[in-house]
Amino acid sequence: MTLTVYLSGEIHTTWRDEIRKGAADNELDVKFTSPVTDHAASDAAGDHLGAETDSFWRDHKSSKVNAIRTKALIQEADLLVIRFGDKYKQWNAAFDAGYCAALSKPYITLHAEDIVHPLKEVDAMALAWARTTDQVVEILKYVERP
Amino acid sequence: MTLTVYLSGEIHTTWRDEIRKGAADNELDVKFTSPVTDHAASDAAGDHLGAETDSFWRDHKSSKVNAIRTKALIQEADLLVIRFGDKYKQWNAAFDAGYCAALSKPYITLHAEDIVHPLKEVDAMALAWARTTDQVVEILKYVERP
Amino acid sequence: MTLTVYLSGEIHTTWRDEIRKGAADNELDVKFTSPVTDHAASDAAGDHLGAETDSFWRDHKSSKVNAIRTKALIQEADLLVIRFGDKYKQWNAAFDAGYCAALSKPYITLHAEDIVHPLKEVDAMALAWARTTDQVVEILKYVERP
Amino acid sequence: MTLTVYLSGEIHTTWRDEIRKGAADNELDVKFTSPVTDHAASDAAGDHLGAETDSFWRDHKSSKVNAIRTKALIQEADLLVIRFGDKYKQWNAAFDAGYCAALSKPYITLHAEDIVHPLKEVDAMALAWARTTDQVVEILKYVERP
Amino acid sequence: MTLTVYLSGEIHTTWRDEIRKGAADNELDVKFTSPVTDHAASDAAGDHLGAETDSFWRDHKSSKVNAIRTKALIQEADLLVIRFGDKYKQWNAAFDAGYCAALSKPYITLHAEDIVHPLKEVDAMALAWARTTDQVVEILKYVERP
Amino acid sequence: MTLTVYLSGEIHTTWRDEIRKGAADNELDVKFTSPVTDHAASDAAGDHLGAETDSFWRDHKSSKVNAIRTKALIQEADLLVIRFGDKYKQWNAAFDAGYCAALSKPYITLHAEDIVHPLKEVDAMALAWARTTDQVVEILKYVERP
Amino acid sequence: MTLTVYLSGEIHTTWRDEIRKGAADNELDVKFTSPVTDHAASDAAGDHLGAETDSFWRDHKSSKVNAIRTKALIQEADLLVIRFGDKYKQWNAAFDAGYCAALSKPYITLHAEDIVHPLKEVDAMALAWARTTDQVVEILKYVERP
Amino acid sequence: MTLTVYLSGEIHTTWRDEIRKGAADNELDVKFTSPVTDHAASDAAGDHLGAETDSFWRDHKSSKVNAIRTKALIQEADLLVIRFGDKYKQWNAAFDAGYCAALSKPYITLHAEDIVHPLKEVDAMALAWARTTDQVVEILKYVERP
């Protein structure tokens, strides 16, 4: 089975690369997708549609241009890994989790132990909670067993 | 039209009471529902099912008992108001927003201006962003015009 | 059977009143709903959420506040009557028709003969085309036969 | 990601060619689809099924033969671009927008500034509004970033 | 439980009355609905929308006006009884059965033994096959046991 | 576009071959599927699962084994052609039409003019009615225009 | 909130009565539904439709008559309690759990500790696991908090 | 047609190999998938996510990691074969059957005659009941007829 895995959430650390490398090292038949992870580019995704004086509308336009990509990729994914780091609000990651829960799209969370309590609703609907990218790769290895 | 409105999110301020009072003062035909808003009770919702030594599982059980109530109420709601305050992570509120977005269930957000940027994905799929509970009541008045 | 009928489209003539009166005269068990039909109020539906300098965003906010009402009412309707008059673009009426078609929600159109050609895609998915409000009332009478 | 984009709406200008060319110039992995854009052929799509004396039924048959193609292509599209020009009623374009909105199928609109007001309900559910075909190509470039 | 039962199919015998009487005699909490069973009225359901010279279009219009009623009633039914008699083609009854099968809406068939073979696909997806109206009433009594 | 077309209904004439030949002659990018059209084999599809003394159950088992194939093929089809001939009850063809109608799966009917009246409900939800296989091929040619 | 709770599974002990009594003692606004729990009647539910010589078909007919009731009640339930006792195979209870999981219908399980391992897939998708009927009542009390 | 068939249930006998061999011997265009059938590995699927002192949670984690694989494979299957052997509770197999029933995903059961009675609800929604793997292969041969 070719598994399509969407990597949602934190964009400031190397977790996506670690998972991609782990999958490659194990020669797993997994295709990874993700949102645009260049923070500045993501915030500016709608700028070419016209300048805004109100930052709410600038954000609004960029979020929706990003949604064109993310909605399509989430639809075609078999599984999501949703990463919560130790900085920022990361409400978009929790939003993706809720979106998946409503669609019965399986997801696993990746986060440290100290944020277990605020993530309890998100974890409750996840199929697994991983603390490390190695654990995510282990899950993928298991899912891909012949 | 009797409108059923689910009030999701922050549980430490009086925003729910303000909206209920505003609707009552205007004699609106609106029925409000909400999660259990007693924080301690909510955290302990699963405790009677057996003690846990690992706090992850305690949270897990309580989240799911809460989900019995919240899933049923969200299903029957015509509209959600999702409140983000200035404290805590509030990932459950963003989770509810994503859940609604996937089900095409309309929601509006209620939050201050200083968190517009981190909420941009959540606001992008909302039908309105209100800064005050008065604005929410105004929306309900409009929706309920004869 | 109590039939819930949503009256969509043109807001500048008395067609809604004619249908309501015809149903009342025939003592039909029909409940009618509609968008807010006060044009100025509808355009201003989002104004209380804050002034906009760009008219695109003013329209955007008002459209979405209106959508809170219209989406809920369309969901609960058994049937829509969608009216196209001889003025204005009326793209919102065609939008409602497409929305219903995708959801397999039955609708009938009400319009004069001279706009049959541009409405051909809209009429193709309708369950009836009526030229007069009397014809709509006749349909309702038939649907409500004991 | 191979993105499948359905180009809906106006058939009397070169906007589809401009977008196709822009995508080709940028070597984007995008597959474009569209309705039959030969106006006379589209109006005559049902003629071979038997002549009609009433133009309503001629239109009816042709619209439905066209729907065989358009429904299949819209189903398989990841994104729609819906174009509104300055001529004709174009209710079919607004119908497609409503159809997509109900199915949570992402679409962007392409139209000039002077028809913002009558398109407000259509734009309210779009993920972007573009004024030029270059802006559409920019969106596709962004969505297709590696 | 109040059970809503739609009685589909044959309109030339008294089977609907027998079932209604059986349910009343047993004081069952069942609400029965049905299409318009006056054959001439049903065929003429669209006539008031304008005369047609081609009988195909007359049938077409009447079928769709009937569909306004039947689609709404099938949607709200918990169960259908679909009756096949010994006359006529009765393709509309088989159509209703297929419609229910696709929606996972439960239905039972009511027909004599000599048409078991041509009805095999219809019966295969039914929850029961009854030969007599008494058997249908027995099923309703069982379903309504306290 | 590769169009997948399921050919449902009558199995005693050469209509399927005529359509396949017409598509081949026109080099159309169409893939045709169909139920098992060997009548004896179809009736015996469940026989190897054990003999039945009651012909109802023999039919029942064979219908369901056939449904494994037909349900899968209808799901993956973009379009159905449903053929009604002049013999037999053909309730399975009307059943397929209803099944498609409920799933918003497009279908066209193929039948002679003398059975227009009993097929009115089936035709009402079809996207076209063809009298000849040539007309079906013409539709496919149109749908497949570049 | 009036909560509708379907009580699925074991029919040889008094667990349903205990839950009903617990809810009544606490004056909870809960409506309970269940399959027919008279074992002999349930096995004979299809007998009046004609005798069968093969017990497979007798079971088949009765199961389907039971399904008329159970499918309707599960559809209208907000929550299921699914009970596994210490006797019999109880595959129907696990079947109901899978049915709910696919429909995102919330359920809780009620069973002793010694069958945790064979029920692990069923429990994994449940919102709670209760060991006693008192625990079920506690959950209902929590869900029904004002 | 390439048929994708998921083989669910019993993991202690060679039934999967027999069906694979039968399909290969007949050169059928069938792709088989299955859960991880190594019992010890399956029970330990979540162990690498952290040790658990309570066996309920160990089972819980492993079941969910398994669900990542099984949910994805069931979604993409055209047909399931669900096997019940003579040992163990096998509630997971009945759970899969219920899951399929709710999604209208076709399945056939494979089991001996002596467990017909407890499997009656599961068999009632199946498209076939086979006693031997040869019978399953016969079904696949029939479904795959050209």
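Chains: A, B, C, D, E, F, G and H, in written order; residue numbering restarts at 1 for each.
One rule holds in what follows: contacts are C-beta pairs under 8 Å (C-beta built on N, C-alpha and C of every residue); 3 or more make two chains touch, one makes a residue touch a chain.
Since the structure is predicted, the reported quantities are computational estimates derived from the model, not experimental observations.
> Same or different for chain C and chain D, when you check if over half of the residue numbers at their contact belong to both copies?
same
> Can you tell me which pair among C-E, B-G or A-B shares over half of its residue-numbered contact pairs with C-D?
Most of the contact pairs in C-D are shared with A-B.
> How many angstrom between the C-alpha centroids of chain E and chain B?
43
> Taking each chain's centre as the mean of its CA atoms, how far is chain A from chain H in angstrom?
31
> What's the distance between the Cα centroids of chain F and chain G, rounded to whole Å?
That gives a centre separation of 40 Å.
> Could you pull out the residues of chain F that touch at least 2 other chains?
Within chain F, the residues that touch at least two other chains are 64, 67, 102, 104, 129.
> Report the residues of chain F in contact with chain D in the complex, numbered from low to high.
1, 3, 78-79, 104, 106, 108, 127-131, 135, 138-139, 142-143, 145
> Which of the residues in chain C end up touching chain D in this complex?
Counting only chain C, the residues touching chain D are 55-56, 59-60, 62-64, 66-67, 84, 88-103, 113, 115-125, 129.
> For the complex, give me every residue of chain E touching chain C.
Interface residues on the chain E side: 33, 36, 38, 41, 45-46, 48-50, 61, 64-65, 67-69, 71-73, 75.
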